[in-house]
């Protein structure tokens, strides 16, 4: 059976990288079906590559391929590389507060097969959405958070998720995760912010957008870092509003953008399309 | 001959305003063809109205209508009102530095009859665009501006324009006009800013957008006030960019958005569609 | 308690209509909070009006207002008019085949209070979605349809719905309703078509869009008439696609547009914002 | 001095193509800076590749590289390939009738350095735009066309352009070019059509869009073929319209979309980003 594999590389640019990698893959019987690359500058810039290839069943396996690559090509490239089976499913934990739209959208798309993920846990600081989540057969854990109990809550969350997830998604989770939590969880965290960042970072973006009289409102999916709403942006989109729309209508219109932007970001991340380059992302 | 007139009203909301105004117009033989209204709250909120009407030639004229309205309806409404002949042409001065795209777009659209304006003067702190402007038969005045000569330059600009224009358009004019100038010029000033405000207010928005890694860039047309990039927003739009695009490509893609956003804002302003409500606008 | 009422008028244009209607409402104590109008031409064109007003509880009721309007104003206007309580809930039947995204989106938005409707019945020619619908506490009826049983099926559907619904929504119902059914059901029917009409009317729009190599795909919500995909368009939207996207990806991307376009059309219809003008619509 | 070169390949897909090409380039000292590929299916599908590379001045030249590629790699690939110097300027003839917006936009962008082209000739069946074109220092030829003189006119156009242009752009040229002309001119022809194809192919698209009541209007740039408005689509875009907009406003709003869509298509074509795949295009 043919395995579909992906190779993602990030290193210093220099001559012959594509030739070396494609020749390595070709000699091992891997047939490249898609390839994207980007360089911030040919002489000493940063080089990013994502290759999708077919590996016929009778030849080497993906782990053998990776081992050989590490021995033969990796040292020459420097930088980092990663092989991945396209059929692998990303294990996801979703954090949510009371707004249901982003969470339910992720659960639905997952059920429909639109996202290559398994949602293995939902965590909320409110009990409200327990029943909805149960309907999808996904474990739901209510972990209340107050200023006083935040450290305890995060410890509880880490116990619950440690080593069991590949990605955390903050689907309108109205709490700020500590730098310590982000460090310990050890996997990427994607957040959806309900504004067109860097406009209206922080609390109350729809109220502030209404007060400022903007003509478009937006949503931004980004990797969470310890600096609130400052992490690398994965995807953004906007929708037109008029003076007629109230803050409630901003919220309702914005909800549609939030969920589509978040779903795109999660899909692209799980397809290994998103490479971080300092404060920004490459999306192949 | 039928005159097409417009009435724009801004007052405190209360019962019977529409009835009073529409009945006044009907009794004077004015036939309403378009009417837009907006209220921030029916009890004591602010009320905004824009009416377009046909006035058959054999009856009262527009100035007579305005005089009667001022006597009969105005005092009851409180607030402000304004009649205008739809055929009237707005006299515009355009300020520009070196970038030609917004200026040339306005000149072209005016020539094509897309904008109900006459561009009566172009003012620039650089001589570069003199020839282009001459090709359209529009006077061009080079008024150099340095930190030391700014006050003099503004005095010269005021002498040039005083009483001769109804609107000033800053079409990528890379100078900040003083509060004193804005006060003395006595007509609205529309500025185009090359970002999606409030993101990237101030200098170098495309450079900062690139550094932040946003996935959309935008442009904002707003009324200039003494607070830089803080005036009421008239129109905004965005265009998608990827990690591949350089700052030069942001600038080139953004230029297309800037000129369409500015042209829309100027057209709507001259059609009396834009009403200021504190820090925001109503666009009918 | 204040009632929020709406008045929708469609008649031949002529002088004094707005004055007459607004004066009637003002004298009955109705305070206009929103008003939209459109005329296809001031002399003998078609005139459309939608007014939203507040009716304080101590005065006349909505039905009394309607009765008086019918007596005093209606005959002068000619045309049609309709009063409606903004708090009234539209009873909706949703027809669906196997695709769940439009149906579930409507059920969700209804639960969240985003749509002023009660979904009173789901009808499907397949049993697949019964369980999903049950989860929302909505009756589900499986009415199989074959070429031979179509007339019987439609009779069964009419029996089920007759007099119990105000609107039928075809949420990706892959059957064509007969002219006879549309006539007998006696309420508006909104259909979502998965293309940017009039492009790709009929079957297989995503396949045909892929074959034609379009760079944007779209969705159209329209009133169903006996001419397939030819009814008045309520709303449309598009999303960008590239050569890379397969028909499956067109289908998945398109599904997001379908459900938002359909939800907007249903909301606007139920808010009495959509007025039919021959083959087209006015959307206030 | 470093030459920036491009290689575009179109052939049957099979194993090892990328490896072979990238190794060839690497060994000749060409450093790949951008690479895009697409395959319609790994086993026997069509394979498309566009590579941008730097060629340091001290090594082989571009023509030498092409000759060696033709000898060593070409025969193995089958299909077609093409080398091009990124600094080469595309010689363009623009055909136009009376509408000036697309023509002037191309002239402007060219002057500003936004398009890698030289406009060497403007041809029109009307004399109206002669003066505008003269202002840009570009030759203008008035070639009247009537039903009776069409063959003569095309002969005259071919005499004028034969061998002197690399691309013909129909910038709202309201005449249909014969299959014979398209064959003889021997270079690609890009047309801008003022609708979202395949909707409203043929004459009067804005009138028909208004009559049909669409909520978005669009423009399509495509390669002209002998089947009117049926050639491979390069780029499309749309803009929202409401029931309020007249056909004149459709035309004016549409003009903005036409010129941006056409400019993108011309730029991408001249950057060798557009590869034809049967009735569709790959746009890298």
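So that you can tell them apart, the chains are marked A, B, C and D in the order they are listed, and the count of residues begins at 1 in each.
Methods note: a contact is a pair of C-beta atoms (placed from the backbone, for glycine too) under 8 Å apart; a residue touches a chain by one contact, two chains touch by 3 or more.
For clarity, every value in this text was computed on a predicted model and none was experimentally measured.
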Contact-pair overlap exceeding half with A-C, pair selected from A-D, B-D or A-B: B-D
Of B-D and C-D, the pair joined by more C-beta contact pairs is C-D
How far is the middle of chain B from the middle of chain D, if each middle is the mean of its Cα atoms, in Å? 37
Distance between the CA centroids of chain C and chain D (whole Å) is 42
Two or more other chains in contact with one residue: find those residues in chain B. 38
Note: in the complex, chain D contacts chain C through residues 38, 196-200, 211-216, 218, 232-233, 235-238, 242-244, 277, 279-283
Chain A contact footprint on chain D (complex, rising order): 15-16, 18-19, 22-23, 25-27, 29, 31-39, 42, 54
List of chain C residues in touch with chain A within their complex: 100-101, 104, 108, 112, 114, 135, 252, 256, 260
